[in-house]
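Each chain carries a letter (A, B, C and D) given by its place in the written order, and its residues are counted from 1.
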Amino acid sequence: MIRVLIFNEYLHEKDPGCKASEIYPNGIHGALAELLNSEEDIEARTVTLDDIETGITEKILKETDVILWWGHMAHDRVPDEKARLVHEAVLNGMGAIFLHSAHKSKPFMRLMGTSCSLIWRESDDLERVWVSAPYHPIVRGLDNYFELKGEETYGEPFGIPTPDETLLIGWFTGGEVFRSGCTWQRDNGKIFYLQPGHETYPTYYDRNIRKIIVNAVRWVAPTFRSTDVMDCPNPPKAHKF
Amino acid sequence: MIRVLIFNEYLHEKDPGCKASEIYPNGIHGALAELLNSEEDIEARTVTLDDIETGITEKILKETDVILWWGHMAHDRVPDEKARLVHEAVLNGMGAIFLHSAHKSKPFMRLMGTSCSLIWRESDDLERVWVSAPYHPIVRGLDNYFELKGEETYGEPFGIPTPDETLLIGWFTGGEVFRSGCTWQRDNGKIFYLQPGHETYPTYYDRNIRKIIVNAVRWVAPTFRSTDVMDCPNPPKAHKF
Amino acid sequence: MIRVLIFNEYLHEKDPGCKASEIYPNGIHGALAELLNSEEDIEARTVTLDDIETGITEKILKETDVILWWGHMAHDRVPDEKARLVHEAVLNGMGAIFLHSAHKSKPFMRLMGTSCSLIWRESDDLERVWVSAPYHPIVRGLDNYFELKGEETYGEPFGIPTPDETLLIGWFTGGEVFRSGCTWQRDNGKIFYLQPGHETYPTYYDRNIRKIIVNAVRWVAPTFRSTDVMDCPNPPKAHKF
Amino acid sequence: MIRVLIFNEYLHEKDPGCKASEIYPNGIHGALAELLNSEEDIEARTVTLDDIETGITEKILKETDVILWWGHMAHDRVPDEKARLVHEAVLNGMGAIFLHSAHKSKPFMRLMGTSCSLIWRESDDLERVWVSAPYHPIVRGLDNYFELKGEETYGEPFGIPTPDETLLIGWFTGGEVFRSGCTWQRDNGKIFYLQPGHETYPTYYDRNIRKIIVNAVRWVAPTFRSTDVMDCPNPPKAHKF
């Protein structure tokens, strides 16, 4: 059983003036939890800014195999200490999936060490997402490409360390391109970033996006877990020449 | 002219009970500054924990092409804000060279995003340093390998993101191996980590180490510099299909 | 002085029925030689399928710093032995730039070790080329992106080893994306692949493409050159514990 | 069931004057087949230079999930066409494990595109093999390091493309270091290189080496298989702006 924790800042969806409130009446985290809990080998729970104090703790992260992270307008309201706990849990082996505007979230930026910057525009572009690494388990079941009728436009340059693997590259009608699906290994943890998922589009109901997310949960789930990755051991001398 | 700033915490060398005080009477930063200032195209100044408040500022970093960093027992005494300034300057293009125990310094850890952990031992091992990337400008002028009569032992696993290039691999008589010279690109900045340089050995007087450091200063020096790498521009739509 | 050798199969341009004969009356190699010879630090000569026997030899390659390669319909007519010589010269340090359909040329495929496959279409798409690594010397002087009014469409997946750096990503009106500028280090040699350059478009007269090619010649030019990279030395034992 | 094909040139073991004949009376391939066939999920068969003509065919490779390759003195006797078939099968998704002196085998060199050179010496060094990527499934069950009482010495520089992951780094009493376990993705195929395994030492009976080989078979086994990776599809235009 893969134990998933879904973090969502959960602000747009509570704003009656924002389309997100209609599209995701139970929040983006709710939609993702419903998706993941429909898989037999996955067990998902959620946490939002409202209950982050008790919902993200060292103990809970130790019992979490994979974290999903969605944040946008309130990255700053995530306490540094919570970001540090998530960061360290990933280095010890917890898998992590960062969604859409989480590219500027504290845990992602800590893991990347770069600006995580990009260009962006809300202009209702269609996005065509190409599979650039067809062999990868995360893209299992997809065609060569799929399309999203509308998405926020993200564009290069994307300020990330060279990904271990670039799985998806997005094409937008407005003229932009973007590395839309990327993986990194950081110490014992696997990381996946997925670009689509703006709050005003029903992206997380798209069947291709759902396939990717379920595949990704399985792929980043740890096969090895440590507790002391931050330590620097001081072993005795072995060879006495 | 390459403008270099050398940071050294400068504690060991002021402790009369520590060998470092004899080996580096003017501090490690003093020895490095003397070396670099003897090169016609390099101009080096120094900063220590004592004057970090005025010696590392946004203005000074903008006028710095390359920073060298040596720290060991007082990483925590470097203010977070100073680490942030250095981090951001590197992402905007400033080159950075991290020396020896700076693997656990705040700016290096921020740039890597990993544990930066390793195993270590002070047992007077001889280190043989192998050149694993003979083509690289940083190892220009070296033989296939060189030896340091004594060094602190560092060993794998080294908790770093896969380096762009692994230039040096160290072999220790005690039985350890270590990726002793590594490079990374992070946004617009070039980074080099060099393992040898324990304060109780005259490593920074070794002619091979000196060659590496001078070569590295030239190699990480920026050819491109930005000021706004952290921003996410919001350009208008170009193609209106 | 950087000594450049430009290989072009030179078939399309000799076919009066092909647009290439009008666009490149002196051949693509002629246009590239004119461009490069207008730079003070570059000295370019050319070779085609007609004189490959005497124009690509071990001696000539030793006196060549950078090779440019354009081929399309006659990759098979390049003798294996010539491909081997070029391959080995690159491993010994000669820089190499592969242009457009040279993705399926013998020397490129030998260097990559992969399929080098892609999807393609001739449908007069406009291509917008994005700079994804703004810090890199090869893209010096370019804006965030530039456009080519017409180009052959190339699309992902591109069957290459993960590039060391992806400098350019192409966007096509037809809906495709492509990693249009990529670098690799192979032993002592630097390699650059550049996608635009179909024979029926005046791509090699475009000022941005010309900048890229001149920059790339300087960037892949060797700073280190060996003669025996294929050998496996058998040194005596150094440490006798 | 993972279908494995073990290729061994099988020459040293048939030479009564060579220690290999005592250590591996049924050949290295025999020892490896026995090991792998003792695993419930693996089914291994073997092929040597004697029956390579019928033992390595397009049909057989299509029915092979993972190939293991051991060769040393007779790389040249492997027909180019057989090397090509193996190369292409890997690009289409077949996993491949190259053992010890197979670093200069035709299929490995084709996949790498580099010199695959190294330094070497037969001087009965002890090798200590360090795990540099403890999270990786291939090193599951190993301690931080293990030792081999005697091995042929291999040393850096190793002329390979930067590995996707460097799992093992070897330390030799003679003073050398070596990237002893490396992985690469090439199109749809996973590749693992493992350095220990000289014919005059009982390396393939070592319990750690055996763990690595069994783990590696499972890790390189394909999750995706294509048949046409060398093709360049020519799809119609999708978007007509």
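We take it that contacts are C-beta pairs under 8 Å (C-beta built on N, C-alpha and C of every residue); 3 or more make two chains touch, one makes a residue touch a chain.
Bear in mind that the values here come from a model prediction, so they are computed numbers and not experimental data.
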item	value
Touching subunit A and also subunit B, the following chains	C, D
Chain pair with more C-beta contacts, C-D versus A-C	C-D
Subunit A and subunit C: spacing of chain centres that average the CA atoms, whole Å	37
Euclidean distance of C-alpha centroids - subunit C vs subunit D, Å	32
Multi-chain contact residues (two or more partners), subunit A	119, 128, 134, 155, 162, 164-165, 173, 175, 185, 187, 238-239, 241
Residue ranges of subunit D touching subunit A (in the complex, touch as defined)	93, 128, 134-137, 140, 164-165, 173, 185, 187-189, 222-224, 226, 238-239
Interfacial residue positions of subunit B with respect to subunit D in the complex	119, 128, 130-134, 144-145, 155-158, 162, 164-166, 169-171, 175-177, 179, 239, 241
Parts of subunit A lying in touch with subunit B, wherever the complex brings them together	87, 91, 104, 110-115, 117-121, 123, 125, 155, 159, 161-162, 164, 173-175, 184-187, 229-239, 241
